[in-house]
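Below, chain A partners chain B and then partners chain C, in two separate complexes.
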Partner chain A sequence: MLQFILKRLGLALLVAFTVSFISFSLLFLSGDPAAALAGETASGEDIEALRRLYGFDRPMLVQYGEWLFSALQGDFGESYYFRLPVASLIADRLSVTMTLGVCGIIFALLTAVPLGVIAAIRPNSIIDRVALFISVAGQAMPSFWFGLILIVVFAIQLGWLPPSGTETWRHFILPTIVLGYYAMPAIMRLTRAGMLDVLNSDYIRTARAKGANETRVLFRHALRNAIIPVVSLAAVQMGFMLGGSIVVESIFALHGAGYLAWESIARNDLPTVQALILIFSMFYIVFTFLADVLNAWLDPRMRSS
Partner chain B sequence: MITAGTHDSLLDEITGPTPGQMLRKRVFGHQGLLIGAVVLIILTIIAILAPWIAPHDPYAQSLMTRMEPPVFMGGTWEHPLGTDHLGRDYLSRLIYGARISLLIGAVAALISGVIGTAMGIAAGYFGGKVDAVVTFLINVRLAMPVVLVALAVVAILGGSLQVVIMVLGLLLWDRFAVVMRASTMQVRRREYVAAAQVIGASTPRILLSEIMPNIANNLIVVVTLEMAHAILLEAALSFLGLGVQPPTPSWGLMVSEGKNMMLFEPWLVLIPGAVLFVLVLAINLMGDGLRDVTAPENRS
Partner chain C sequence: MTEPLLSVRNLRLDIPTGSGTLHAVRGIDFDLNRGETLCIVGESGSGKSLTSLALMGLLGKSIKRNADRMTFDGTELTTASQGQMRKLRGARMAMIFQEPMTSLNPAYTIGDQLAEALLLHRKVSRQQARARAIELLEKVGITAAESRLSQYPHQLSGGLRQRVMIAMALMCEPELIIADEPTTALDVTIQAQILRLLHDLGREMNMAVILITHDLGVVARVADKVAVMYAGELVETGPVGDIFGAPSHPYTRGLLRCIPLPGKTDRGAKLGTIPGIVPSLVGEVEGCVFRTRCPYAVAECRGEIPKREDGSHAFRCIFPDGKRHSEKELTV
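And now, the complex of A and B:
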């Protein structure tokens, strides 16, 4: 087990290192970040001054090395727009994104797992069909459009919930639904498939044969085994959702890290964008690492692969 | 009397249906696949014929007829789906928007398909170090937040159609690589691959004429799913203002332009979003259906 964890940890670190290099070099794609920063109307002198001010005149690898070295110490430089340290700027905004991500995954699990279980117990029943419809529709639903519809219906027409902002817990309900619905189809399909698989297995037949009551069979024997892959999928989805929250945050004007990313990209705020890409990647890497370890801990067969 | 017809049915009883007939039966017996394919074909024809069937020029502005409602909300047949905030005919923009979505979906899926399939087949067939490198690259790619990276790159390079297609094509190869890698691993253990190796077939020949045809069904499924994915992402990027730029009639952009008037004219947002939903749903239904009818367990 320890060997497995160390191996995965090494791999995760290597992935993190590669991602950091890509996210840094991506922003040099235009060839000249100083010109992009200065805008179209800037003179050659202005661009040259900017280039020296931010150190773009040095070789890219030197800039990367310096950036990575400070980033490891938690220093991501200063935001071009806010004139504040990027690290504290992001730290301020992360709580909103994390709250949204946690609420979203809880919403997804609370709706997808029961639906998946019922669908598996009664295949081809009405509930199974409804569950299938919800998951197929969920994969095709443009999340920005879904969010706008929820705002029109629940915030404007019915007036039950606020359309935007972060002041109270009620502001998080609609964004949670939009973000959670994004993760739901995959979780539900996996729960259903896992339950169907387990329910047809020998040990369930044995449990039933020895006269265990059905509730006990379903929850103690079946669900406990079917839920293992769902837990790791949920962790991976959580990583995806944090990266995808940029759309949801922009619709509901939630001033989290995703919103900050959107603003910073529009404003050519390179240090903030670089740091955010790296941080969202780190979340994904950490969550998948935890999922791998959790899987291996719950199911020893996973440790060998 | 023995006619040609009875002769055929006698033959059928002896030989049974051919694999092709069985496949046709499964395809036409699968509701989701049929509905998805029909909707997708109709939308593709509309997109191709856009210049001939669109009632107006999608770029022509008319300040006299701004924000006219659709015909079912009291508008006129002059503009069946109304006009937007610049007086452009909404139906015409919607029809031309189908071109943008389908073009981006198809080309992005093609680019990412070539990249991901090459990586996946190489990893699955050669295994060892090649597999380790490809798996590592897949992990790196999955760790990058797609929307964020796409937005940032489009912001730097400018929001032209070509840039959006290239960015999506270069980002969405991960599922191709994952699925093709797994399928190749399964196929390469079969006897016919070993037989081809024994008679001295070259590696490119084995990959192209032994491996490829046997993983093509999985490839088609991933192509449809990634096409749907690319279309949704383009719409999201354009909605956020960092995808296809105005005045191009992109559905995501239309939702974004209608958003400010959503309170008074909700149809400005509802219509383009609904069409986008229907297109993506159709492609997904087709992909799911193809997976069902080509899965080996359904062949008996």
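And now, the complex of A and C:
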């Protein structure tokens, strides 16, 4: 088990390193950063001066090395727009995004897994049809539209919940539902398919032949095996939710990291964008690693391979 | 005469299909006493496995089960509740399946799965269950039993897994053990060992054993009683000596001709075959179900077929001797 974790950890570090290099160089491919900073009316000399000031005239690898070295110490430079350290700027926003992401995935798992299990117990029943309808609707509805509908109904017409902002936990209810509902269909379908498959397997028949009751058969024998692929999927979606909640954050005016990324791209705020891309990728890497470890714990076959 | 442990009368299993009802098992009767071994033989698809699953109450939801009587030590199984069946399953009647490779849960250790069988039915501690698991693993011939407990199914070979399945079935000392082709998936060298083990354990613990197989060589060695099944019916039942000494139903004799006998079958001689295939069982099935493949079939075979009984030996054929005397005597 320890050997497995170390192997995966090494792999994760390697991926993180590669991603950091790509995210750094991608921004150089998007055009001359000095020209973009100086603005449309700047003269050639102004641009040159900026280029020297920010060190863009040095070789790219040197710039990358410097950037990575400070990034590892938590220093992502200064935002061109806010004139503030990028690290503290992101730290402020990240708490909102993380709260939303964690609530979103919990909401998705708490609805999708039970629904998937029930649908698998009675395939083609009314409950199964309803679950299928909910998941198709979730996949088909764009988040911005669903978010607006929720605002209109629950915030404006019924007045139960605030339409925007981040002041109290009540502000997070609607965004959580929108974000969670986006991740729910895939998790539900994978749970249902996994459970259907496992429930037809020989070892479930063995469990019944031993005299185990249905609850024990379902949860101890079946779900334990069916949940393994769901863990991997949920990890990827968690990474996505932390980095990709831009739409939800803008609808509900949650000033989170996703929203910051969108603003910074529009403002050509290079250091902020670089730092955000790196952090979002790190989320993916960390969650994939955690999912691998969790899977190895759940599935003994994975440990030995 | 004492009450048999298991008594089945007129067991019928119907499976609804798109093109009509499939009468998979039609009117099976047999009795089994404690300590006896019954072998059910027959071709694939003859309903042997379904019959055993029906006894355990493990049939799929779509299969309809009917019987005039199906009692286990006085308990009527057809009307037993799910709860009653659960108390019997694993505790008093246990089953060993055909597929040792997939019949163990990949997520739990051998020890957990063995202990579970005991913990579900008896108020014992984990330590006691563990000790019992070690004892049984040793009994089924697994070396280093204690270290196996922490292993997972994927770390064991097929033969070992089937031994684990047998040990698991024995955890609660059941009175009846049903083994559904327990050696089909195993190497030939392991097959004999496993069957011998099952037979010896049955004797030792005074268990009734139902062994489903299509290996007549095995039947000759371990059975007390034999039931020959064809297309959902028991065409012939009886003590092992009668079945091999005086096989009466033409199908039984056909089966026996399919096995080579060392010293009796000439080298290079052609082994017997039964021409034709099993008929479809969808819709009403009338008359003798074997008549489409029977060399003696006559027009009357389409009608009612009498059951001919001589003590505990019984078969169904319109000919009083099943045309046995018109053939060269067959003995094993």
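The rule we apply is simple: the second predicted complex is superposed on the first by the 299 of 305 C-alpha atoms of A that agree within 3 Å, B and C clash if a C-alpha of one lies under 4 Å from a C-alpha of the other, contacts with A are read in each partner's own complex, and residues count from 1 in each chain.
Simple rule for what comes next: a contact is a pair of C-beta atoms (placed from the backbone, for glycine too) under 8 Å apart; a residue touches a chain by one contact, two chains touch by 3 or more.
Owing to the predicted nature of the structure, the values given are computational and were not obtained by experimental measurement.
K.L.:
Determine, for the superposed arrangement built on chain A, whether chain B and chain C clash or fit.
P.N.:
Partners fit side by side after overlay.
K.L.:
When the two structures are overlaid on chain A, which partner does A:N268 contact: first (chain B), second (chain C), both, or neither?
P.N.:
So A:N268 only meets chain B here.
K.L.:
Check whether A:R224 is in contact with chain B, with chain C, with both or with neither, and answer first, second, both or neither.
P.N.:
Touch status of A:R224: second partner only.
K.L.:
Answer with first, second, both or neither: which of chain B and chain C does A:V286 touch in the superposed model?
P.N.:
It touches nothing on chain B or chain C.
K.L.:
Please state, to the nearest 10 degrees, the angle that the Cα centres of chain B and chain C subtend at the Cα centre of chain A after superposition.
P.N.:
Once the structures are overlaid on A, chain A sees chain B and chain C at 80 degrees.
K.L.:
Contact-wise, after the overlay, does A:L294 reach chain B, chain C, both or neither (first, second, both, neither)?
P.N.:
So A:L294 meets neither chain B nor chain C here.
K.L.:
Can A:D202 be said to touch chain B (first), chain C (second), both, or neither?
P.N.:
In the superposed model, A:D202 contacts chain C only, not chain B.
K.L.:
Tell me which of chain B and chain C touches more residues of chain A.
P.N.:
Chain A has more residues touched by B than by the other partner.
K.L.:
Counting only touches as set out at the top, which of chain B and chain C does A:A49 meet: first, second, both, neither?
P.N.:
neither
K.L.:
After superposing the two complexes on chain A, what is the shortest C-alpha distance between chain B and chain C, in Å?
P.N.:
Distance of closest C-alpha approach: 15 Å.
K.L.:
Starting from the residues of chain A touching chain B, keep only those that also touch chain C in the other complex, and list them.
P.N.:
none
K.L.:
For chain C, which residues count as touching chain A in their complex?
P.N.:
56, 58, 86-91, 94-95, 97, 99, 102-107, 109, 116-117, 120-121, 152, 154-155, 165, 168
K.L.:
Quick one: in the complex, what on chain A touches chain C?
P.N.:
Listed in rising order, the residues are 201-203, 205-213, 221, 224-225, 298-301, 304.
K.L.:
So in the complex, which bits of chain B are touching chain A?
P.N.:
136, 139-140, 142-149, 151-153, 155-157, 228, 232, 235-236, 239-242, 252, 255, 259, 262-263, 266, 269-270, 273, 276-277, 280-281, 284-285, 288
K.L.:
Given the complex with chain B, which residues does chain A contribute to the contact?
P.N.:
Touch residues, chain A against chain B: 11, 14-16, 18-19, 22-23, 26-27, 29-30, 36, 136-137, 139-145, 148-149, 151-152, 156, 242-244, 246-247, 250, 261-262, 265-266, 268, 273, 276-277, 280-281, 284-285, 288.
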